[in-house]
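Shared between the two complexes below is chain A, which pairs with chain B and chain C, respectively.
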Partner chain A sequence: MSVPAVEIIDVHKRFGRTTALAGLSFDAPAGITGLLGPNGAGKTTLLRMAATVLAPDIGQIRLLGWDPSLSDERLAIRRRLGYMPQEPGFHRSFTAFEFVDYIAILKEMTDRRTRHDEVRRVLTLVGVDGVMDRKIKALSGGMRRRVALAQALLGDPDILVLDEPTAGLDPEQRLRFREIVSERAGDRTVLLSTHQTEDVAALCPRVVVMLDGSALFEGTPKELTDVAAGRVWLAPERSPSARLSWRNPEGAHRNIGDAPSGADLVAPTLEDGYLLLVGQRAFTEEEVA
Partner chain B sequence: MSTTWHADPEALELYSAGHLDDVRASSLEAHLLACPHCRGAVAARVPRSQLDTMWNTIEDALDAPQPGIIELALLQLGVHEHVARLLAATSSLRLSWFLAEAFALGSAAFAAQHTAGTGAGGATLFLFLVLAALAPVAGVAAAFGPGVDPAYEIGIASPMRGDRLLFVRATAVLGASILIAGIAALALPDLDWTVTLWLLPALGLTLTTLAVATWLQPIAAACTVGLTWLVVAAASSVATTDPLAAFHVVGQLVSTLAIVTSVLVLAQRRSAYEGRIPS
Partner chain C sequence: MATSLRAAFEDARASGIPQASARPSVAGVWALGRIEARRMLLHPSFLIGMAFAIFVMRGAFGSGGTQMDLVENVAWVLGGILVGVLVGTVLTTNIAAMRPRRDQTQELFGALPAPPETRTVGVFAGLLLGPVTLSIVLTACAWWAFRSNEDIGPHIDLFLAVQIPLTVAALGAIGFAIGRWVPSLLGGPVVIAAHIMTGIFWAVPWVLPTSTDVDRPRHMVYLVAAITTWVALALARDRRTAPRFLIAAIAFAVGVVAASQQLPPGGL
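Right, the complex of A and B next:
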């Protein structure tokens, strides 16, 4: 049995008085693993660790079988890693081409011709080849995120770490993103954090729900959906036993919680399962990092 | 225009492989201009990979962005193109930075020129020397690190070592600062050894900043080193009544010691630059 590309073993991380990760453990094998969780659940902290830019206080991370706390092994990991941070920064005076070219140089692509071919390949892949000679500062937010995704795809990395990659993208761009990432996944490992349960349902064979720095759930999207089986029902009013409830477009209340006997049960969605797990904290917590 | 005859297939074969002699190739090319049939025959004989390579070369020549002024200047100086691109992403290697530095040092030199021989002459020369020594420190602080490099987080997740990137940028910043300060120094009243007194302190302060930055973030390191330097330089000029006391023998010796110590610290601790974002 092969070693999972990403192994998170009892990882703790604190920022001052705030606990970002509290004994988190899980494995991410080849394929796309979606991280769901409210703001402050520790997703960004975890992804920064998976991208080797942050070290745990306690616990261990292994990426592609290597230990990122060791200099040589960290370098080997970085050679096979693509990372798109939650808030990717850009040299705004660079064009899209120049920026991705700059990152390609940081990724040790020093031969000009080969590097430029690779830069064009990834920019074409994300659909910004038509504006690659425009300054980054002149691009829309959605275009910039696609440029950020392009740089992460340089060199066809074995591990792709994507922090909120679909934030700010319009529906068409999100579909294009799904297409790109699902095509790339194959036997590579993609760690993807998102607030969009639709992205997870559409893309991820495996999902981890995080809350307060630990994993609340690990499994398939279907298993997450099944968490809400028999616990979603429609009623004319908000039900007292509902943990969450909202009026749907037809005017009925969609209730999630412990269904009363005789309730009009409906098929749950992945979002129902997620909401049932994290409850109302999903709407109140602050992002830690 | 078209033609009624077609080229010899053997000649086309040799031409496609690049083996036809110049005279026959020139004749054949004249024919190809007028004969779509033979042009098609040549295209069919050229291997796909060769066409792709040719197309990529053309595309690269047409599509690759034209480098900016600083990048062009670096290329002219013989800097490798990928190093020039790394340097072009440095805030303190921009034209606006150079202009600001030239303005500050030029103003100090101008003031020294116009106060020479007066009671304020020593103070204005002191100001020039202090600024000249601090300019590369500020440049190095703005060269790399969170807060000054917008793509820092992406950069430290890449395999290029942080220490290498910083040293490449620091070297370029130091070189540019020395050049600008050297030109500004030509405006000083007396072109004797006095105008070079800032060189060793500049090198010492820059290396000390790099060494301290293995513990602190580069901006914090530069502020700490720069302020310490200002206080020490000002205090020594007040205490000794020699406005340039910090630049004379003791100051030069301390600078040399700082250079040696910093190099040793950097050799020992350069892995600290490999990058971890601040909490």
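Right, the complex of A and C next:
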């Protein structure tokens, strides 16, 4: 049996008095693993660790079988890693081509012709080849995120760490993003953090739901959807037993929670499962408080 | 205040990024150097500096002054031409040093295999390929143009010609090192102003005319020591190791001794 590309073993991380990760453990095999969770759940902290820019206080992370706390192994990991931070910085006075070229040099691509071919390839892949000679400060937010994705794809890395890559993208760009990432995934490992449950449902064979620095759920999107099986129903009004409820475009209330007998049950979505899971913990904490 | 605190926090976070153990590759450094050189030469502050130098040259060599004025005031003319280039170099390297912090790319760069020294040495390579090379070319052109002029020709020799690119390199290194250690766009201008206002500029000149009675080898040692000091300090910002601070300290000491001994008793 092969070793999972990403192993997170009882990882803890604190920033001052704030606990970002509290004993998180899970494995991410080849393919796309989606990370879902509310703000402050610890997703970005985890991805920064997976990108080797942050070390855990306690616990261990292994990437491609290597330990990033050892400098030689960290270097080996970085040579096989593509990282798109949540807020990727850009040298705004550079053109898109110059910036990705600059990153390519720092990724040890030193042969000029090969490097330029690779830069053009990734910029074309993300659809910014038409504006590659335009300065980054003149690009829209969506275009900049595509440039950030392009630099992460340089060299076809074995591990791709993407922190909210679809934030700020329009629907068409998101579909293009799905196409690119799903094509790249194959036998590679992609860690994808997002607030978009549709992206997880469309892309990820595996999903981890995080809350308060630990994994609340680990499984397939179908299993997450099944959390809400028999717990989503339509009613003319908000049901008293509903944990969450909103009026849909048809005017009916879509209720999520413990369905009363005889309720008009509907097929749940992945978002229902996620909301129920995260909402349940939140409600429980509220009740305790 | 809030901005300084945020900068300090971001710096602390960036310095907490576990660094790559690889040594900067020569090919990578020169590849970055080419990019940095182009950016420096085309940066507005460098172009303005060059424009100022051309303006002074026009005044000195054009119809505005006689040849005797030029010979008598060779130090002023030389300084006037150089100041634009030097100020432009200090400002461009200073801005290059602050670019990752200003553009918040430290986290992204931290996940890449190249160590931070690659970028630092890459900027110095850019300094060599850009402003320093340009200063060598301009000096060579001036030397060639005036070599047969019996009034000006004697004022230009190898001593003068070597000082100019060394001075450009030294001030570029200062601009870069200041930018690495002082997270403010005011760092470069303050260094330039302090250099002039405190009299260092006059007490230990960077470029000395051929006619001065200065100890030439010691002046060259002073220039090389200044470059070494600031390059070591810039590298010490990437990785705070004892050897880097030690090299900076030794080079600084050598520079101070060479500077104090280069001038003849009683000054120039």
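Criterion: the second predicted complex is superposed on the first by the 279 of 289 C-alpha atoms of A that agree within 3 Å, B and C clash if a C-alpha of one lies under 4 Å from a C-alpha of the other, contacts with A are read in each partner's own complex, and residues count from 1 in each chain.
As a working rule, a contact is a pair of C-beta atoms (placed from the backbone, for glycine too) under 8 Å apart; a residue touches a chain by one contact, two chains touch by 3 or more.
All figures in this text were calculated on a predicted structure; none of them were measured in a lab.
Partners chain B and chain C, brought together by superposition on chain A, clash.
In the superposition on chain A, A:E98 contacts both chain B and chain C.
Of the two partner chains placed around the shared chain by superposition, neither chain B nor chain C is touched by A:R206. In the superposed pair of complexes, A:P68 makes contact with chain C only, with no contact to chain B.
In the superposition on chain A, A:E108 makes contact with both chain B and chain C. In the superposed model, A:R79 lies in contact with both chain B and chain C.
Touch criterion met: A:G89 reaches chain B and chain C at once. Once the two complexes are overlaid on the shared chain, A:G16 sits against chain B while remaining clear of chain C. Judged by the touch definition given at the top, the superposed model places A:A55 against both chain B and chain C.
Taking the listed stretches 55-63, 145-153 or 163-171 of chain C in turn, the superposition on chain A shows a clash with chain B for 163-171 alone. Comparing which residues of chain A touch chain B with which touch chain C, the overlap comprises 48, 51-55, 71, 74-75, 78-79, 81, 83, 85, 88-93, 98, 101-103, 105-108, 110, 112, 115, 151, 161.
Across the interface of their complex, chain A is touched by residues 56-57, 59-60, 63-65, 68, 80-82, 85-86, 88-89, 149-161, 165, 271, 274-277, 279 of chain B. By the touch rule above, chain A contacts chain B in their complex via residues 15-16, 48, 51-55, 71, 74-75, 78-79, 81, 83-85, 88-95, 97-99, 101-103, 105-108, 110, 112-113, 115-117, 120, 132-133, 148, 151, 161.
Against chain C, the residues of chain A that register as touching in their complex are 48, 51-55, 68-69, 71-72, 74-75, 78-79, 81, 83, 85, 87-93, 98, 101-103, 105-108, 110-112, 115, 151, 161.
By the touch rule above, chain C contacts chain A in their complex via residues 16-22, 25, 27-28, 31-32, 35, 39, 99-100, 103-114, 118-119, 122.
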